[in-house]
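Residue numbering begins at 1 within each chain, and the chains themselves are lettered A, B, C, D, E, F, G and H in the order written.
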């Protein structure tokens, strides 16, 4: 098993954190993991993304050229990464902010109204967690439980107070995806 | 022909910093409920009739989103 | 109806990459307006720093030269001496001008180089993500002063206007702010004056602008604006520190 | 073995430096290594150390001199342009035989370039970007675990040889998060610090300097002494790793992130029956010229392929080692771009066809 | 008969390489005497500059560290922070401290680093054969100002005491001279005080010493001495610019 | 031919720069090149130029950027430690494609070292002591006449390739006085300066920079463009001189002052029947690898002897050119010492026996 | 035993700067006609009886050539 | 003909200038010449020296390891260079400041009271010129006339006023050597 995930969105959407959550959970589950944030050419106000690998094998290259899963939180990210997804891979689209359909026909697509769900969960900023929940549902890689246990280990102290909302967002994303699927 | 607006705000250019809101001495401007495609709530020319085209909102707007007419 | 506030000619119609409420954007606009009003766009060269405003030449429609971090005034010195007919503006952040560029600043000022400096003091390293600047306030937390700047350990914030006004050569030194409309208008005047000085050959002109960095201060724009009012200005008093033109006229 | 933790390369190297006994850090912010000063600013006070943000990289490297001359373990870090500013200081440290660890998390150059990951300071690091006849040991980690382990080694090597040691990581290594087990402190016995300045109490006064004016020839004598040290490093400190070389017909040579991408491609190629191996230099100087030379001598080895995140710098060292005995191919990406698996695989196939 | 003036313990019995009448030699002696009198030879570390006094450690019998040109105060910062129990002295020329080392000087002073600086102002680059220093007087000819320093082109001479006393952190700043006996005695006092401050943990102490360079001024020692009196002192007034100890006592 | 005058190397290079149209000099004093700023301070005002003593070498190289960006011919000079301080600036100039001439009159290193003559900045100059993928043309004169001639060439090359050019002389070349005929201004046609900043009047605004952030890959594209320039330099600008190579069995490779000492020894050896020749690289980068490679192919050539005033830096380039085909010997003096005729002659005899 | 001198000047160490000459309030010191092995005229303890061991000559001597006794 | 001359003395004794005078004269006379001042390890107060080559052939190495003539104005210089002189070369010694005899037996030695003669010529500082005059006399390489014509071309403007004294010093050195020889 080797999962290569790219999570991408605006600077403030918490994509790096979402990636770190996956990596941490993978580590706890005894997998090999790696996580690389984009920090390269992007400037303030541009897009941010990160590449996560979770694998049973040793990870040689930590760079992700062809993700098995792509999670996109805004439109520029979809445009940028759509073509790179491995055939029969997955694309999870935040349809709250992306008014465009995925063109690729050889991939599995799931549209999630992440911002809307996040607002319902209690904070519009937890759309990243909604997407993580949805991804869990479609891949079944980890349990909701382990990922929620990892959560407090990757968020900053200051943001621990949002823990409950984040957990709810994960659950609601999970449920949405299960029902949609 | 309808009279053009005194204040024209480029919605897509607005970053929602709210500096214009504070700068307007007449409380004309308000923040939107919606977000623009960059994900920001944006400034809206709301209480139009109170505007006297004093330009202060435009003076402070960091992103040149506001044009004022008189 | 006629437009009473429009984009200045020199400011390109391009979205800027700055964060919401960033002072740089306002200062770019004021610089552009000043260039327009003085009619010098065609002979202005802006020396761009390393810092958040490293891409200033994407926004200003006039010639621009990069400078290595801290070396803007060395570059401006070479440039102005090679092209005395041009109007040379060195635009720098507080890390750029007051930390790594200290020697270049002091010596360009002391030589009375005949260019204009716009010094954007946002009390932080914006571009690199919020480290302490020489101008970071006492107690202010940053990435490299996680427990707040401790003046007993690393000294108090550096006041550049005060320091430079001890020198003889500079023609004009003023500190302004862009945290509210009133001050934005004053800043505009100061910048314009700094350029005008140069056109008239008056010598080194230095405008320090207190400027918001909501992102790295961890504040909303509104909080940032009040923070300047309540914390920065008391330590960095606004006003004219030196004006040789005035002195000259007074005599 | 200790507990696995998940850390960013830039932070792991800091924690490891602290384990190695480093208590002094002087540096200046620059992307992509800003997590280093940030981490040190938080952690060093907790261990009674001293973090100081210098006014520039120039000041930083000279503050490093100050703490080093006092006999303390000290480090600095920066990225490419900042490291260029330290070249005078590094040359001084080498001349005065002062230990120090200098971390360069490379970005794209020349000039301001970009903040993308890069390996284009290879020449600068391995040939001495500063003036004069000197060398620095250059260690090139490929993972978060390795950058942590290497820091322990780096401080020891600096002390053993009384010479600056450069840890050369590309931006990916610094920014990447991976699980690691934090290393244990070293147990090596180190030479006595009989040169340290702490006041001439109960001993003759000491001077630490790089100037050698008299007697005539003093500097030459000193340089020959340094040279002997450098030869010793060449004899004792070459480190590299081999992957599937026993039957390889094509030998890839790559370090850091490039080596990891190369390994993925190697595996893929092996899967298709191409006999590809990888030699990964861990010390870029001293360089594993002997190992490469021995491979070049083997009849079954048909060619070498150097992979770098630059326009071909280590390539010169590979050429010097292979000395025309076999073909050498090159695949490089530069300016902050990373090697592309597909492209590199294409290159391998090409060589085999 | 008993010796009433002898070589201080810290000053080695070695001929110095300085030119006849060079101020450096006198200052070395005064520093040695101060170290002796305070009984700190065994914990003093002198940071030697690049300049004519680059070999100071050949003459002073205490620990010494070289510093790259201009970086003495960065070295001293690292050293003092690593060895707070030692007395660290940064000994620097005017080229070293006020030109290439400007940033290091300003920032060490502003941080209030707890070491002592002896700043030898001889208005010239001695070691490299007489080029303009930042402190070269207006009109003074040097190798690189063959027609005399023209303040209109390259600015007036830099006054470091004045500049630094604008900063908060320094504990003590004084300017003295060694051009005649009376002033030599005053210089001795100032140097001793700078060291004493450090022993007491008072913080950054800075002593500027006006000093003769007969060789590069192209003068006899006598002429050089008068030149300090008549030309340097009027521009560089002697005296205490800052004394936090005094302030503290006064309060 | 003009009149013969007697000048010091450091002064001849200045007068020649002025003949080449250089009107801007920014620099900082350092032995053994202090005659350069002193000369420029006197002469530039006479030709309406501008001499400015910078507050440091760092400022100097960035003032050079300022005048260069303005489209003026500009130079700086220094010696080894000062040149180390300029490495960031040189990398920036190369990245932004700005012409400039940088004179390094080398002294003994590392560190403060000594003020004796040296060639130990060879690596720094030829490999790019600064960060990133870049090169500078490096010209190495051997006499006062040649340093004067080379300055004319240096300014042209800088303009043609829009790249910094390094003139690398050892302390002897700078300090030596010899007769020379001052060169004539160049008559080459140079590319149009369509990048110069002089105000956006009647044209689009221009920007000169080394930063390349967007689009993604912009820096890589730029670096590949630079690489093409560097390849062009390698094709067109290799300069070297041959002495008695037609029948040589031993080929000495040496530049600058070392080459002159080598020539004396060569003559002596020839007098005793030893077939010694000399190849003297004038450009150290691009290096005359082809010429050396061709010699290595010749059956009659038995060996090479590299002579340098360092511990063996050009030696690497000789090895890269000879690629193991022939033995390579080395004789070097370092730390401010000059090659000794007797020793070198001994070495030659040794090789022949 | 002859009384030792109040002022002892190390002739070979003297560089002839003449600072001591000017420093002596009593005109005790004079420069030599001869030169020492470094080629300098040197300071001579000439009008000995006028000396009161005030040490000022020694205080200023840059090269520590003078020792004073009392 | 190849003359390799080392002139050595204290910093202030004008040895560099003396060497330049020889080089300039050589150039005017159509010879190949080179001149290298020592600037290396010496510090202030140390010794200064220069190496001059005057030759009919092209000068390959400008460095002088074995001078054909050594002109020493002070004692340290004699100690330093005595051994390097080529067998049957010449050593000219300023006996005003050097109280030591030349030990070498295979060289031609001339002792000149240069400071004394210089004082007589009108300035103690022209001892360098006295030595040049003496060297001229023993080598016969140039005429007194050409060397005196060269003199104003190598001294600084400020020192032109000493021209007459310098000329006299050359003549007196020449005469002294002629008579001594």
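Rule of thumb we're sticking to: a residue touches a chain if its C-beta (ideal position, glycine included) is under 8 Å from a C-beta of that chain, and two chains touch if they have at least 3 such contacts.
None of these values were measured; they are calculated from a predicted model.
Number of steps on the shortest path from chain B to chain H, with steps defined by chain touch: 3. Summed over C-beta pairs in contact, the chain pair with the top total is D-F. One simple way to say how far apart two chains are is to compare their mean CA positions; for chain A and chain F this gives 54 Å. Centre-to-centre separation of chain F and chain H, using mean CA positions: 34 Å.
If you average the CA atoms of chain B and of chain D, the two centres end up 54 Å from each other.
Computed from the mean C-alpha positions, the centre of chain C lies at a distance of 62 Å from the centre of chain H. In chain D, 31, 52, 55-56, 58, 81, 88, 92, 96, 111-112, 114, 116, 209-211, 213, 218, 336 are the positions where the chain touches two or more neighbouring chains simultaneously.
Under the contact definition stated at the top, not a single residue of chain G touches 2 or more other chains.
Those residues of chain C in touch with two or more other chains are numbered 18-19, 54-55, 66, 68, 99-100, 102-103, 106-107, 134, 154.
Within the complex, the chain A residues that touch chain D are 20, 23-24, 27, 32-37, 39-41, 59-63, 65.
On the side of chain D, the complex with chain A involves touching residues 4, 6, 31-32, 114-117, 171-172, 175-179, 257, 260-261, 263-267, 336, 338-342.
Every residue of chain F that touches chain D in the complex is listed here, in rising order: 58, 80-81, 83-85, 87-88, 91-96, 106, 108-114, 116, 118, 120-121, 123-124, 127-134, 209-213, 217-224, 226-227, 310-311, 313, 316, 319-320, 323-325, 333-337. Every residue of chain D that touches chain C in the complex is listed here, in rising order: 28-31, 34, 37-38, 41-42, 45, 51-53, 55-57, 81, 111-112.
The part of chain C that touches chain B in the complex is made up of residues 1-7, 11, 15-16, 18-26, 29, 178, 180-181, 184-185, 214, 220-222, 225.
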